[in-house]
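In what follows, chain A forms one complex with chain B and a second complex with chain C.
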Partner chain A sequence: MSATTAEAEAPRRPGLLARLLRDPAAAGALIFTLLLLAAAALAPWLAPTDPLDNNLALSMQPPGSPGLPLGADAQGRDMVTRMLFGLRASLLMGFSATLAGGVVGVLLGFLAAFYQRWLDGPIMRLMDMMLSFPAILVGLAIAAIFGPGLSSVVLALAIATVPLMARIARGSALVTMRLDYIEAARAIGMTDARLIWRHLAPNCLSAIFVFTTLRFGQVILLGSALSFLGLGAQPPTAELGAMASEGRNFLFFAPHIAVIPCIGIFAIVLAFNLLGDALRDALDPRLRF
Partner chain B sequence: MKQLLAAALLAVSAGTALAQPAPRNTLVVLREIDADNYDPPRSTARSAGESIYMMSDTLVSLDWDMKTVKPGLAERWEVSPDGRTYTFHLRRDVTFCDGKPFTARDVVYTMNRWLDPATRSPVRWRAGPVKEIRARDDHTVEYELNEPYGELLYQLSLFFASIVDQATVERLGPNFGVQGFNGTGPYCWVSWTPRQELVLQKHPNYRWGPPIYANPAPQVDRVIWRVVPESQTRLAALQTGQADATQYIPPIAISQLRQMPNVRMSTQENYFWDYFVGFKVDKPVMNDPAVRRAINQAVNRAAIVQAVWFGSAKPADAYLNPNTAGYDAEAAKLVPGYDPEAAKRTLDEAGWRMGPDNVRVKDGQRASFLTYVINTQQSRQVLEAMQADLRRVGIEMKIQMWDATVGWGRLATQEFDAFMMSYPYVTATDGFSLYFDSRNRPTPNRMNWSDPATDRALEQAKVALDPAARMAAIAEAQRLVAAANVWFPVAREQLWVASSMRAEGVRAHGIYGVALYKGLDIRLTR
Partner chain C sequence: MSAPLLEVEGLARHWAVKGGTVRAVDGVSFALGRGETLALVGESGCGKSTTARLALRLIEPTAGRVRIDGTDITGLSGGAMRRMRRQAQIIFQDPYASLNPRLTVGEAIAEPLIVHGIGDAASRAARVRELLGLVGLAAWQAGRFPHEFSGGQRQRIGIARALAVQPALIICDEPVSALDVSIQAQVVNLLKDLQARLGLAYLFIAHDLAVVKHMADRVAVMYLGRIMEVADKRSLFANPRHPYTRALLSAIPQPDPRRRGMVKPLGGDVPSPLNPPPGCRFHTRCPHAEAICREVEPPDVEVAPGHRSACHFAAALPPVEALAGEGLSPIAARRLALFAERKPTQSAPSTLT
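== the complex of A and B ==
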C-alpha cells in the first residue's frame, strides 16, 4: 500500500507545455498539428461537398474556379473536400500503424531488456531481421497476400515500426534497469509485470514518446508512398498518397491535382518532425534551463 | 497559356529524357513496355506483335479496312467447296533473313509447331480445328480442317501465325525469340536488351511486302524499338527529335499533339480495341438480370468516355465496333442507353428496395458487388466514375485495384463479381468466341456465361459454309449476350500514332493493336 502512495507522489516535471511554447518553431508546429487534427476530425462537417459525389463536367477545373478554391480533380470532385478527407485517412492510417507497431515494439523491447538472459538475443535478432526488409517491400508482399487496401498498408507500416520501437524501448529500459529504485522495487518483492508497468514503463516513456512523434511523420510519408504505388486506399477513398498518384498522370495539364496533396503530405511530415524535435528538447532534462 | 506551359514543361523534361537525337536513317519507335519474348506462338503481348510483324510475315495480310484479307507470303489461295481445305500458293521469291529460300516446308513446320502441345501456345485455338497441314510441292500448302472454320484467314493474318525458320528454332530452343530470330520479314533481328531496346536492320532482299503498302520493300536502314515507361518522357523525346514514332500517347495529350507543328498524327477509324466491364452472371446480385440492366442504364457512358479519353475514344454503345466484320446493328439496339430514372424503375420492379445506407436490398441481400481491375489510369478513372453513377441509383460498387504482376492471377479466380478489361479483336466471331464460349470459362470467359444457345450460335458462326448463315449466327450470339447485359461496354479506343517531322509515311494500321504493322512506307527525310 505504501508503495502505491509513493508512486502517486512521484515527482512530475511541470510546465512541459510552457517549455514547448517558448520555442517559436515548436509552438508553430504544435498549433499546426492541432489544426490538422481538428480539420481531420471535423472533415464531414467542414467539407463543402460530398467526398464521393463526382461531376465529370467539372473535371480538372483549376484552383480559383467558381466555387472551387482548390479546383477539382479528374472526377470533378472538389479538392477542398478531397483534401479534408484525404488528411483524415492519412492521419488515421499513420495513427493506427504507429500505435499498433509501437505497442508491440515497446512490449518486445521491454521484454528483451527485462529478461535479458533468455529473451534479449532471440527478440533483438528477430528485430534485426525485420529491419533488413524495406517497408515498401513488406507492403508489396502484404498487398499481394491480402490485397491492396488501407488495412494492408497499416499492417505493413506497423510491421516496419515494430523493430525501431523495440530498439528504442530496449535501450532506455536497459538504462533504467540499472537505477536503484528498480533494485529497491525488486527487493520489496514486486512482481515482474507490476515492476515493468509501474516503474520501468513510466521512466522510459519520454524517449518513446519523442520517437513516436518523429516516427509518425515517417509513417505518413511511407504510407503515402505505398498508396502512391496503388497498394493503399482503393477508390473512391481519398488519401493523400493515392491522390498524388492519381494526379501525376495530369502533371503537365492540371498540376494542382498532384501538387496540392503533395503539399499536404509535406506539411504534415514537417509539422510532426518539428514537434518531435521540440518535444525531445523539452523532455530532455540535460537541456533544461 | 496553359498549352504554352505544357509545351515548355515538355521541352524542359526532354533535356534529361534520352541521350541523343535519333541517328540517321534509323527509325526510333517508343513504347511503354517490352514483351516477354518474341516467339510468335508463345507471346500474346502487343509489344511482341509490334516487332514480330516487322521481323516475319504471315501467309495472308489484312487491309486497312480490317475486313479484306490480302496476299502475304501466299500470293493466292483456294477454299474447297466443303470449306475444309485451304490451298495456299506461295510466292517463289522469298528468303529468310539468313538467305535461305522460303518453301512450303517452312509453313508446315511453323504451323505444326504452333499446334504442338509442347510449344504451349496460349493461342493455339486460333489455328482452328486442324486435321493436317501438308506441302503438296515446294510452293503449295494444303491446310485441312476437321470442320469448316470461317475465321481461318483472319486468324492466319495475326502475328501468332508468322513463319519461322526451323533450323534457327531448333538451334536456339527455348531461346528462340529471346537470343535471336530468323524470319522472312522486312527487318532482321540484331539484338535485344530486355526492357530497353530491340534493334532491327533492313532485310536487303525484301520486296514481297503486302499489297496494302505503296512500297514492297523497307525504306529505312535500321529500326530501334525502345522502351520508355513514362508517358511524359515519350512525348518529350518525340517533340525534340530523339524518337520518330509512338502509339503510346496519353489520351489527354492527343488534342494538343494534333496542334503542334513539330509532330505528325495519324489515326485509324477501323481500330478494334474495346474496354468493357464484365459481370460474373452466376454470383449473388450479379445473377439478377435486372441489376445488370440497371447498371447499364445508370452509368453515363458518354460523359465518362469524354472525361477519361478527351475525345480520343468513342462511347461503346454496343458490344462490338460497327466497322467489324459480323457486327449486328439489331443487337446494338438491345444495349440500354443512359437513363438513371429507368435504372431506378428497373430495380424497383425487380424488388430491390432502398436500404438505410442508400444501398438497395432484396431478400436481405445488399445490392453491392466487388470489381477487380488491373491498376491503370484509364481503368481507375472509369470505375470511379461508374461507382459514383451507381451510388446515385442505390448500387454499391467496390473496387479493388491490382498491380499487373498479381492482377492476372487474381482475375482468373472466382473471388470477384465484376471486372474491367480491354482487348483487341479482328472480327465479331473472333471477339465473341473468345469471351462468350462456355468452354472458355474461367478465363477468358470470366463472366461464367454458359448458355447453350450462345454456344450453338458461335459454333455455327465458325463452321457454316454459307457466309449469310455465318452472319446470321454471329448476329444471334450478339443479341443473346446483349439482351442479357453480360457486359457494360465502355469505350472504343481510337488508335493514334504520333511521329516526328522527319518520318514520312507513318500510318496507323492497328492489327491486334499494333500501329505500325510492317511499316513499309515509312521513310526518313534526314
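== the complex of A and C ==
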C-alpha cells in the first residue's frame, strides 16, 4: 500500500508510458495520434502531388480510381494530398490556438489563485464573462474585425480557450497552495515569481496537461466548424473543415469529397479525447491498482 | 540579558467568518532566547500552529508585534522580509506534504541557498552534501526524489532544508507527531543534537507531553488562542499553577488501575473560538471556577520567578499529589527512556532507516 502511494507521488517515475500502453484504447489513441502528427509534419514529402494541382479531367473521381486511392475532389485534386495538407493545417490551428489560449489562461488562473485576495474576483469574473460567449460567436466577431482566415480562427479559439484553462489552473493551484512545501518555499524567502514557476506550476501540470489534450480535440472540431462556415481557411487552402464545406455541394454525386475530411476530423477528435482520458487515468494515483 | 532572539508581543489573528470573528490567536506574548527551546503545547485548534506561522509572518497578524533579533518584522517590506527569513526557518508536521515532489532532495536543500544568493553551484553542492551528513543521510541521496524516502528520512530532509541558510531560530510545527514512536526518537534526538552543535533556538509546537519533556527548556500552555501558563519545564511539570495545565498533565494515559480516577478528566468540549467565553476562557471546563472567573479575565501573574499563570487562583490551587510522579505516566516515562536509549546511535550517520 505504502509502495503505491509513494509511487503515486513520483513525478518523473518511469512507467507512465507503460501504463498508458497497458490500456488498449489508450495505446491505440497514442499510436494513432503519433501517426497523425507524423503525417502532418511530413505532408510536403509524403504527398504524391501539390495540394493545389488541379486536373479537371479527374474531377470527382471516386476513391480507388487508378492512382487516386481516396479519389479526387471537384477540382480534380488528389484527396490524399488534400487530406495530408488539411490535417497539417487543422493540427497547426488546433495547436497554436490551444497553446496561446492555454498559456494566457494558465497564467491568469495561477495569478487568481496566488493573489486570491486581490485578483481572484476580478480575473474569474472576467473569465465568467468570456465563458458566456459561444466560441462560434467569438469566431464571427473576430472574422468580422480581421476578415476570415486561419489566423482569425486561431485567435477566436484561443480566446475561447482562455477561461477554461484559467479555471482548471486556478482549481489545481488552489489545492497545491495548501500544501506545506509551498509554505516552506515562502518561509525560505523566495520571490513570488520563483515560487509560482518552480513550486506551484510543476505540481499543477498534470491536470492542465490532461485538460489541454482534451481541449485540443475540441478546438480542432470548433475550428473545423468555423472553417465550414467560411470564417476560417479560405479556398483553395486545404483544411479539413473547409474541405468538408466545399464537398457539401457534391454530397449526392461524390460524397467522398465531404465524407473523408469529416472522418479525418472525427478521428483526430476521438484520438485526442481517448488520449486525454487515458492520461487522466494514468496520472491519477487513485485509479491505479 | 541581551535582547531575546524571538519576541512576540500581543500577537493576534482573527478571521472574519459568517456570523462573527474567529479569534484563532488572541493576544499571545512570549520571548525566546538564543539556543533555547520553548515548547508551545495545547489541544488541537488552540492556535499553536497559527502562532507558529504568525511568528514567521507566513500569515499576517491582525495585531501585535514579532521581533526577530530585535527587528520588528511585522512592518518589513517584501525584500527586507525575504532577507530576514534567513534568520528563522520552519519544519512541518507532515513530512509527505512538506517536500516538493518534483524537486530532488539536493535541489530542495539547495533552494534556500540559491534564493539568498549564497555561494556558486559547486559550493552549494558541497553544502548540500554537508547538510545531508548533518542530518544523517548520505551524500549520494541528493539525486533522489522525496518519494523514495521514508517519513523519518523526509523529516530529516526538511530539517536539512531549514538549516541550509544557517538560521538562529527554527520553528518546529509538531515535527514528530506524524511519525512512528521509534522514528520520533531519532528525529527528536537529531534536533537536540543539532541544537547543541549549532546553538539553534527552537519554538517547538507539540501536543505530546513526553516529547515536550524531552525537548523543552520552557513550556507555554495555550488554550483558545491565549497562553495560560508559562514556566520552565521542571516547575511546570512538577508544580503546574493553572487548572488547565493540570488537566493536560492528568490526561496522559494512566495504566495503573490504583491511580485511575484520582484526577477528574475534563468534561465538555473546547468552546468555539468564534465566541470565546467571557472572563477566563477556561471557566466553562474548570473544576475550580468561581463567580469571578465568569466575569473577569484573569491577569497574567508571576507565581514564581519565570513562572507565569493566567488564573485568578494560581497561588491558591491545591498541591498536586494526585498527578502521577513528575506528571508523567509509566508509558510516557518508557518513551522518554526510549528516546534516551536511542541517543548514542544518533550521531553516527545512518542510511538504513
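Rule of thumb we're sticking to: the second predicted complex is superposed on the first by the 278 of 289 C-alpha atoms of A that agree within 3 Å, B and C clash if a C-alpha of one lies under 4 Å from a C-alpha of the other, contacts with A are read in each partner's own complex, and residues count from 1 in each chain.
Here is the rule we use: contacts are C-beta pairs under 8 Å (C-beta built on N, C-alpha and C of every residue); 3 or more make two chains touch, one makes a residue touch a chain.
Small disclaimer: the values here were computed from a predicted structure and weren't measured.
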| item | value |
| --- | --- |
| First, second, both or neither for A:L251, with chain B first and chain C second | first |
| Partner chain(s) touched by A:L56 [first = chain B, second = chain C, both, neither] | first |
| Partner chain in contact with A:D180 - chain B first, chain C second, else both or neither | second |
| Chain B versus chain C as contact partner of A:P24, first or second or both or neither | neither |
| Touching partner for A:G189 - first (chain B), second (chain C), both, neither | second |
| Contacts of A:P235 with chain B and chain C, given as first, second, both or neither | first |
| First, second, both or neither for A:N203, with chain B first and chain C second | second |
| Shared chain A surface residues [contacts with chain B and with chain C] | none |
| Chain B contact footprint on chain A (complex, rising order) | 52-54, 56-57, 59, 74-76, 143-144, 147-149, 229-231, 234-236, 246, 249-253 |
| Of chain B, residues touching chain A in the complex | 2, 5-6, 9-10, 231-232, 250, 252-253, 300, 303-304, 306-307, 375, 377, 380-381, 383-385, 387-388, 391, 398-403, 405-406, 410 |
| Interface residues, chain A side, partner chain C - complex | 6-7, 9-12, 179-181, 183-191, 194, 198-199, 202-203 |
| Touching residues on chain C, where the partner in the complex is chain A | 53, 56, 58, 81-86, 88-90, 92-94, 96-103, 111-112, 115-116, 145-148, 158, 161, 165 |
